[in-house]
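Mind looking over this structure? Questions follow.
A, B and C are the chain letters, set down in written order, and residue numbers restart from 1 in every chain.
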Amino acid sequence: MGRYVIRRLLQMIPVFFGATLLIFLMVNVMGDPIAGLCGDRQCDPATAAQLEKEFGLDKPVWQQYLTYMGNVFTGDFGTAFNGQPVTELMASAFPVTIRLTIVAILFEIVIGISLGVVTGLKRGRPVDTTVLLLTLVVLSVPTFVTGLLVQLLLGVKWGWIKPAVSPEATFSELIVPGLVLASVSLAYVTRLTRTSIAENKRADYVRTAVAKGLPRHRVISRHLLRNSLIPVVTFIGADIGALMGGAIVTERIFNIHGVGYQLYQGIVRQNTQTVVGFVTILVLIFLLANLLVDLLYAVLDPRIRYA
Amino acid sequence: MPEPEPFEPLESYGEEGRAIASTGAGGASDLATAEAETLEQRPSVDAAEEAAGGPEGAGPDKKARSLWSDAWHDLRRNPVFIISGLIILFLVVISIWPSLIASGDPLDCDLSKAQEGSQPGHPFGFNGQGCDVYTRTVYGARTSVSVGVLATLGVAILGSILGGLAGFFGGAWDGFLSRITDVFFAIPVVLGGLVLLSVVTSSTVWPVIGFMVLLGWPQISRIARGSVITAKQHDYVQAARALGASNSRMMLRHITPNAVAPVIVVATIALGTYISLEATLSYLGVGLKPPTVSWGIDISSASPYIRNAPHMLLWPAGALAITVLAFIMLGDAVRDALDPKLR
Amino acid sequence: MLLEVRDLHVEFHTRDGVAKAVNGVNYSVDAGETLAVLGESGSGKSVTAQAVMGILDIPPGKISAGEILFQGQDLLKLKEEERRKVRGAKMAMIFQDALSSLNPVISVGDQLGEMFQVHKGMSRKDSKAKAIELMDRVRIPAAKERVGQYPHQFSGGMRQRIMIAMALALEPELIIADEPTTALDVTVQAQVMDLLAELQRELNMGLILITHDLGVVADVADKIAVMYAGRIVEQAPVHEIYKAPAHPYTRGLLDSIPRLDQKGQELYAIKGLPPNLLAIPPGCAFNPRCPMAQDVCRTDEPPLYDVTESPVPRASACHFWKECLHG
């Protein structure tokens, strides 16, 4: 078990540096980092050259990356386009997006898994077909269209929610945006659970459990569910990182000032420091979530624990 | 899939599990990835069939059919396959000859009619610039479908070559490639798209396709690697190796035909996702740009007016959703046909 | 009589049609008796057993006719909840592949103890003590230390012992063992089989042993039922069937056992393939493969003739059983 965790941790190191380097290169090579630094005005050549020197932009890219990473490890993420330190932006943006993600994950777990279990057990019945069709509809409509329509119907036409989320972004305000953010993954969790349940339902050990004379609910909850949820747990864990990164669209629709909003601003204003800083944290969260999944895996599956 | 492959060391279990790591592409591509999982595990099919407690050995003639002809036999009778196939056929036809069903010009607009609703000759109404929504929706198919098809082709070719070679030869190259795919999985797709495409000024479809191939190949690569490793373990491949078959012969004759099924399934489902992703990027302002006619552009340009003139958004969005749905259903049907475990 | 299966019919509704897996099976087992059910895969021997246990997948399976009398009571008329209480407590089943039949993510002790928790309402602690006791009983060394381990940590033989322990947990009256040793090494096979036979004697249980291995049968069975295409084609006491089979199919099975005294000769094999259950041949189902087949075999389905010649009854479903028995 210990060795398993250590190996996973070691594997994360190159991924962390690889991913941050990749995004660093993308931002630096493709964009013009100086352009963003002069605010909305055009930089004059002299200032530009001075700024380049000041930020070490005249050095080779790999040196810039190392310098940047060195700063990051001392907690210095640089400054955003408006002169605020990037860390301050993070402090205001991450709590919002984390709340949004928690709401989304809860939807995935509660609704996704329940629907998956029901449909998996009733494969081929009307309830299965109906839910399956619904998941297909959700999957085939892009999230931003779903979001716009939900906002139009619930927020504008029927007035059940406020169409835009206030700067405080409390949990209750985030329920609908969280559902929109979760929608695609929710449909996916349903399908994954369904497939997994339907497959494991025929497993030999389930037959054994029935032959032992266990009540149906015990066969399902103790024998079938635990095995079937292993792939689902993996997905949901990995989805944590993806949801936070993918919140750009949802945050834009509902005007939520979270990570996605800040990233969008950073990209539009070509502010390298903001973009790379936020993405670095996102990659870190993604990796930590994956580690969590690995640990959970080991808890759920003894074959991993004792490998 | 709680049972690991008998030949795979246990640690690969974690890797397999990670093959369904979310890509952040909006999820549906994750769908594609993991739904191919079941296909990779095919060697245990016989055991599973027996475990099903069904009629033991339903008859000799059943075994004789190959996987593909068996699947085709199934598909021909599957209404989901027929419907999605017909939709896709229709889309391809109107992508090539849009004038068959739309006589107008998508760029012929009359500002005085902006945002007007349905009227004779213009069933879908007009958009914000006063262009005919019906004509634009028909003409948009070409861009959306070609982005989807080309991106999928690129991803499938690049991903299966890299992944297939890694799975076949193993060793250091495999380890390196696995880490590279990990790196790509760690970057949310929409975010990568924003960063990469925000500086592109070209109005052709190529930057968008290039970006999709760049960030999409690891997904297929992982699937291809997994299925090649599985195929490699089949007894007859081992036998061929023992008989001294050359590497290239083994890859082409024995492994490729067996490893290609999961790739096809994932690629089909992913195709729908790419169409959807193009629209999302357009909504964020970094996808295709006018004067290109695409559903993504029309949906995003209609989005500010959704309260007053929802028809401008609903028609192209509906067309897009039906297209994506058709590809997902097609992939689903093919997967079910190729996966006897779920029968 | 402990268990009597009467005229049991089971069919499976598949996409390709109705597969008739069991077509009128009759057999019975008494306390302390061992019935061996013999046949190729597809003969319906496992399906019959699953019907008795009540673990058939319904649908696609369907019991279309028949009775299963257990201690005089028709199990098919019981409500599901009453039926469940019979399973595990009064009749238990041992499966072929212990690795896949045991839950991979639950410790062996918990899987054994579960029987006591569910059927006897015991506490977790007491049931764990019971689990250790059971593991001792099936001679798993260091039971106390291993009770918390998982199935993949045991060897094949040990896993099958755990399956046996699980079946014996509540000292049922009837045990159904579905190819209990097929997945094991030859050396381990004998140990596991001996253990099973010994415990059966000790507890005076009825045992239905499903197998395709005639070698296993000779040592432990009292009587044999040979199945083909969902029917019993021959039923007889074990020593008589070895001496003189009364059905050409049984003869074929016996002749295909390799024997040391026939070294150098070509091994006999029954020609042809088992029948397609979607289209069982008319007449005697075995006729396309039978060396003795006449025209009547292709048209008339043979009844199960009484062919008793000794005090113990025996039966054969062959029009030419006399020729077979004495030929």
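The criterion applied here is as follows: a contact is a pair of C-beta atoms (placed from the backbone, for glycine too) under 8 Å apart; a residue touches a chain by one contact, two chains touch by 3 or more.
All values derive from a computational prediction rather than experimental measurement.
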item	value
Chain at maximum distance from subunit C, centres defined as averaged CA atoms	A
Chain with minimal offset from the mean of all protein Cα atoms	B
Distance between the centres, which are taken as Cα means, of subunit C and subunit A, whole angstrom	52
Length of the line joining the C-alpha centres of subunit A and subunit B, rounded to whole Å	21
Mean-CA-position distance for subunit C and subunit B (Å)	48
Sites on subunit B at which at least two other chains make contact	2, 51-53
Where subunit A touches two or more other chains, by residue	202-204, 207, 227, 301, 303
Residues of subunit C engaged with two or more neighbouring chains	55, 57, 97, 100, 104-105
Partner subunit C, residues of subunit A touching it in the complex	202-205, 207-215, 218, 222-223, 226-227, 300-303, 306
Partner subunit A, residues of subunit B touching it in the complex	1-2, 4, 10-11, 13-14, 17-18, 20-24, 26-28, 30-31, 34-35, 37-38, 48, 51-53, 179-180, 182-184, 186-192, 194-196, 198-199, 272, 276, 279-280, 283-284, 299-300, 303, 306-307, 310, 313, 317, 320-322, 324-325, 328-329, 341-342
Contact footprint of subunit A on subunit C as seen in their complex	53, 55, 57, 84-89, 92-93, 95, 97, 100-107, 114-115, 118-119, 150, 152-153, 166
Subunit B-touching residues of subunit A, taken from the complex the two chains share	4, 7-8, 11, 14-16, 18-19, 22-23, 26-27, 30-32, 136-137, 139-145, 148-149, 152, 156, 184-185, 187-188, 191-192, 195-196, 198-200, 202-204, 207, 227, 230-231, 234-235, 238-239, 241-246, 248-249, 252, 263-264, 267-268, 270, 275, 279, 282-283, 286-287, 290, 293-294, 297, 301, 303-304, 307
